[in-house]
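Two complexes are shown next, each including chain A; its partner changes from chain B in the first to chain C in the second.
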Partner chain A sequence: MRYHRQDTVAAYLFLLPFLLLLTIFFGYATIRAVYFSFTDYDLFTTPNWVGLRNYVDLFRDPLFLSALRNSVLFAIVVTTIQTFLALVMASVLNQKVRGIGFFRAAFFMPSVTSSVVITLIFLWMFQRRGLFNYLTHQIQSAAPLILTFLAIVVVVQVAHVAWERSRRLPAGLFDPALLVVSLLAAGVGTWLLAVTGVVGARDLPPVDFIWLQTRATIPPGAPFWLSVPIPLAAIMIQNIFTTVPTFMLMFLAGLQDVPKSHYEAASLDGASPVQQFFQITIPSVRPVTFLVLTLSMIGTLQMFDQVAIFGDAAPLRSMVTLAYFVYNRMFPGAQTPEVGFAAAGAIFLALLTLTVVLIQRRLVRSEAS
Partner chain B sequence: MATTGGLSFPDDTTHLDPRAFDRWQARRRWAKAGLIYAVMLAFAIVFIGPILFAAVSSIKTDPLEYPPSLAIPQLQPKNWSASARLGAAGAGDRLFGGFAPGAVVPFEITYFVREGLDVTPPEVVVPRRRPGAGPGAVLAMDFAADYASVGDLTIVRRQPSLADETGAIPGELVTFAFTVAYVGEGPTTERLPLDVTAEVGMTYVDSTITASRLERRGRTASFENAAPGVLGYVFRNYVRVFNEVRTPATRQSLFLVWIGNSFVFAFFRIIITLLLASMAGYALARLRFRGREAIFMLVLFAQMVPLQVLFISNYLVLRDGIVSIDGFKLSTLWGFPDGMLNSLTGLLFVTALNAGAVFIMKQFFESIPREVEEAAMIDGASHWRRYWSVVLPMARPALGALTIITFQGAWNDFFWPFIVLTSPETMKTLPIGLLSFRNIYGGVGDWGLILAGAVLSALPVIVLFVVFQRYFLEGVSFGGGKE
Partner chain C sequence: MRTIALFILGAALVGGAFAQSIRIMGYGGSDPAILVRLLDEVVGAQLAEEGITVTYEPLEGDFNAALFNALSAGTAADIFYIPVETAPGIIATGKVLPLDGVIDTSQFIDSLVEAYTVDGTVYGVAKDFNTLAIHYNIDLFEEAGVEVPNENDTWETFADKLRGVSALGDDVYGACFPAGWDRFGAFAFGAGWQPFDADGRSNLQDPALVEAVTWYTDLVREGVAVQPSDIGQGWTGGCFATDQVGVAIEGAWILGFLRDEAPNLQFGTTSMPIGPSGERGNFLYTVAYGVNTDSPNRDAAVRVLEALVSPEAQQWVLEQGLAIPSRTELADNPFFDEGTPEAEANRIVFAGADDGNVYGFQFGRIGTEWMNPINSALVEIMTGQSTVDEALSGAQADLDIVMDRVR
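Our next item is the complex of A and B:
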């Protein structure tokens, strides 16, 4: 290709401000972080070259090990759950109905508000006498009623479907018309049983689960690398809540391209909705799934805001992530900053992220071939 | 459920009347639509629920009230009219109330008195109480207590009643009336707090406006403000957000300062992003030059490196005012001799690099046909003219979308302001300021103010989202949301 000299000059003039910023705040910054990671720089004295010592020390530092464990568990658990939930929700909502725009906007609301606002709201709900413990208490108390309701739904539905089939009508197990009848019947039935006093809500003391100021883990007493601290679990719940809608909409966009005839053909063969989900839905949105998985892994591995906003509301060890570890070593309050050490942590995080992305790329490529 | 419900079509349905079968099918379709709407409604409740619940709770006196109740006094019309009346009596202000010289505030309070007990009037005190914890507790302020005088209590109504809250106990409801007057000259105070304490055996039932707090098993009723005005009553926490947290020196409302900072930051960040991204995008999309592919790869790569790698050096760059040579900082040239930490200018420097925006603009320019530039080319217009007067005006839709996305990003940005703006409080943007709120009030469990601040700071973006939904949702299919 021929280049015009005039074009080249103009292009670099157009790019000048951007390239300047890119050089200082990206290129120079990256190189300097790599350099610092091999030194003992502390913001005040001149840096001395220490070779790989910072990297070796990382794996001896209890806070880093906690951060590594928390970040990896956070990324795996959150990515798995939110991808699955997003896909299930998208396939439930993959319908041509009026007013879907309103609902899409509603689902997206948590994603447009700032992380500070959402985290503060969740922090408030995670208080000992907050909404989470209150709802848990309500559900526990109402468990007999809920179970009764579900039992009646199943019994009525099965009976009704059997009867329709005996009339040789092609009713499926999840037939919507019959399901509506079953739900109504269960509502009335449960109400009658509750009024006559056969079943009733249990009288339980309020739930006093401590979400924040605790060092306890889930599951309790599990080995270090497999135990999720409870404050971290609280952040997981919040993160899933805010990101699921975004991913759901991405799946929804992918699902609209799947021809309806696939599902019709499958149901002619007698495949149940669950079988259809696994045999048609999941394979046909595979490209979107890889995109979602990659974005989710990058986002979760770099989780920072929630830890910073939780602040002293929970013990540091129980929620620190790699990203926050770097910040914490750079600005350790009253102690001397360990810039070299922080830089080593940052480079480790970058390499980890890069590895995950590359592995997923390779998977996509082998999938395509 | 998502699909056809596991339906199979056996051939032997032909024995049915075809019209009956059609009706059967139609019924299924209707039921299915109904179920879909129910599920969507449930999802919507789950996703908007917490925000909505927080917004409703933010007007409560105590958002941590247990069990959480939606029977909120602030939502009762009876309290609206009463608080407007009291505000008018207190300071002639039906909206925000207050306590001004010459005011006479009439008040009534009803107690349940057990049978056989002497009816003694409760004790009414105007306490010297400061609002909330934190900065509000250290500011010099005027107390209504220094100027208020409580008149004698008279019994205006007695009415036999069978029950108090605990069960069927015979007794009577006694309503006392009194006035609180402002004696002499003095400043207008924002609030008129009241504590009403009755004898053992009497329990609070009702009053002109519902009590903020009950103590000692309902004997003591506390009122944050007995002359609140309707907005001062319903949106008390919101008024506190603006009034209570001020700088000690100048008594500026910090929340207003933060809002101002956030708008200034967002405004300049939009200008910078639009200009830089459209220029860089134009060059990458339209001009053929050596190094083009390399630069584009760098743009893609720049999006992948975590902020944690970059912030170490960038923090130092701001501290040193770009570069520091023998103690002379380059940023002295544009008015920052001490480096650019804790300044919006510094924040704009570190956030100006927006590779994603360059990518969006490049994509857009590539979609504009080359022919539109050719006329200008024949006229011999310079590259700058072609960019500025031909291509850029055509890019209005893309620039509009970029403006909205950039505003949202700047308004919500947490990481960089958190690193760059640490002190003083007046330098902060809204999200970082809210974090100060959390640190000050969260520890003492005063969540009303925190939630009110959070709701206020979410409003601009929510309004923007409702109006320009399309841009946000298109962004999802394009690149996905960031955490």
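Our next item is the complex of A and C:
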């Protein structure tokens, strides 16, 4: 008994430094923020109690409503896509292939690069004469060649497989050896057609899609709560790119625990890789999926840095998120800081995040039981 | 023994009373180096004699946010920069010392003093200022066989000259027009638009603004002017340095840039073109020094402020080609008549301060947020996403939200 008590004391002693920091910088700050959210504090005058006025005003503020819409859509879209992509990438990287270590490191690069640096690079790629529009233009111009190439691949492959089967040889539709032959044939065929001038690249004007300086939304004409502003979509793409690798790493760790024998048994029973992915991989990493979903939800709802660096590059309402709204009201140009209002926004964001995570937990639990 | 100790203690106290340390908070970038040189070479010795030492603390990143925080927390320096665009907000905090009866501001350019006056009280002394001017590439105009811009140009003749230059080739443009109020606004003023009415509201449907927006964006739609980002540049100066763009509409800050980036570019400078209102339009960009109300060494801080904007200090700033001084007496400075393109550019920028419809780069208590809707509208029109009327009515709706918030 005494032994146990000593253990507890030791544990608390070890916890003390962290608890102290937590109390000062988190506990105290939170209490102050909650208090300020019920006042009209502006950093320079004595705060006056205003009750729930700040919270009511939030829902009268069009910028806040845009921020709420943007944050919720951002969280849903980004979390869904990046969780799926992370799982797919993890299962690809879980194979035993020569040089897999290189690919793991390369795929992980976006997550270890500073998000500020990536945002600056993406800002250039999203310009009207940027990389995204350039690539789209190249692909559109070369579309006849690409389509010819693909068509020849399909025709040759199908013909080849049919011929092999007619000789009673086992050949799948995606047989790698035959595919190599088809690709070579398509390459030569397309080259011949291009040289003889039957097909060629089209001469199109440069693509002028406006990613940043626009108030347009996708899909066009959708109701306010369902329309994603294009600049926000640009930030979504960038955010998915930067955070997928982190989650991929978590899934990879989870996948290492799945026994290889499951896959071997499945392939003996004739399950395709896609079936194996949905029937074995996804169910086995369920606990990791919950962790990834939770972290992703929290991270996306609190999206700030990438929006802040976009700065003046896009209209504020087309990319503002809740966290950026709080900052914007705290330091609004030449206006006096609206600390009370900003604090109300911050508390709302905290409650929203908490609610989302609790609902998610409840859902995952009920599904498990 | 005891007497010696007392003597030392006494000396330390007396010495401490005399040696006063004054802190200045300002921009990062090149400002720290400039201020250190100004102190070392011009005003530092005199201040040291009076027992005042000065240190400069650059606030990197978002200056405004950092300054508000410092002012609220009581850690702000004795003297700090007050950018003209955020001055009304900073002054409204009550942390800026009124300078009436403390510093004689009658020696400074009126419009600059006006920008830092709230309810008849002066709160800041402009350290220097800039306005916009037309800088033109002499060789390009010669090649195109077009007369270079001059001070008699109206919008029409100016646009025709730009058309002549852009006809030189697909990659050559008459001008770079950024989609931003910070440059476009000068043309809005030239059309006679006043950004704020008596109630402090802005009307973006005003015919004068519509006229200016149409003229400015039509030149881009026509291909005569181009947005800097469309030719891979961040600002008009960058466009100009490529030798493919006829004019740059910038302040004197472009001179140092051209010296470094395009030393062989032959350029000349002239005033802004005359707008439909019969006047030129122009901006005043400036930064002032303000004194912290809570400064423990207020008298010493005022003394340092006086030294930093003294005629000697301003002469030095001018001769170094750093900025245009804010004192009226420097208007007849021999430096302006040296005949070099740089001196000429400085003279025209200086003269821009009171030629036509000139307004401070300021937005009342609304702050820089005021510009965003207009900037978005300019892009939408320039890129063909919407017409002038559609874009401006959309911008008006966004701006109303911002203006309603500032009660």
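Assume the second predicted complex is superposed on the first by the 323 of 369 C-alpha atoms of A that agree within 3 Å, B and C clash if a C-alpha of one lies under 4 Å from a C-alpha of the other, contacts with A are read in each partner's own complex, and residues count from 1 in each chain.
As a working rule, contacts are C-beta pairs under 8 Å (C-beta built on N, C-alpha and C of every residue); 3 or more make two chains touch, one makes a residue touch a chain.
Every value quoted in this text rests on a predicted model; they were computed, and no experiment measured them.
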- Task: Figure out whether A:129 sits in contact with chain B (first) or chain C (second), or with both, or with neither.
- Result: both
- Item | Which of chain B and chain C A:174 touches, first, second, both or neither | first
- Message: I'd like to know which partner A:207 touches here: chain B for first, chain C for second, both or neither.
- Response: neither
- Message: According to the stated criteria, A:216 is in contact with first (chain B), second (chain C), both, or neither; which is it?
- Response: second
- Item | Contacts of A:111 with chain B and chain C, given as first, second, both or neither | first
- Is A:336 contacted by the first partner chain B, the second partner chain C, both or neither? second
- Task: Examine A:63 and indicate which partner it touches, taking first as chain B and second as chain C; both and neither are also allowed.
- Result: second
- Message: Based on the A-chain superposition described above, do chain B and chain C contact any of the same residues on chain A, and if so which?
- Response: 43, 127, 129, 312, 330
- Can you name the residues of chain B that touch chain A in the complex? 1-10, 12-13, 15-16, 24, 27-28, 30-37, 39-41, 43-44, 47-48, 50-51, 53-54, 57, 63-64, 66-68, 275-277, 279-280, 282-284, 287-290, 292, 295, 298, 302, 304-317, 322, 349-350, 352-353, 358, 382-384, 387, 408, 411-412, 414-415, 418-419, 431, 434-435, 438-439, 442-443, 445, 447, 450-451, 454-455, 457-458, 461-462, 465-466, 469, 472-473, 476-477, 480-483
- Item | Contacting residues of chain C [partner chain A, same complex] | 62, 64-65, 68-69, 71-72, 85-90, 92-95, 179, 229-232, 363-370, 372-373, 375-376, 379-380, 383, 385, 394, 398, 401, 405-406
- Item | Of chain A, residues touching chain B in the complex | 1-4, 7-8, 10-12, 14-15, 17-19, 21-22, 24-26, 28-30, 32-33, 36, 43, 89, 91-95, 97, 99-101, 103-118, 120-125, 127, 129-131, 134, 168-180, 206, 239, 241-243, 245-247, 249-250, 253, 263-264, 266-268, 270-273, 276-277, 281, 291-292, 295, 298-300, 302-305, 308-309, 311-313, 322-323, 326-327, 330, 339, 342-343, 345-347, 349-350, 353-354, 357
- What part of chain A is in contact with chain C in the complex they form? 43-44, 61-63, 127-129, 208, 210, 213-216, 312, 315-317, 330-337
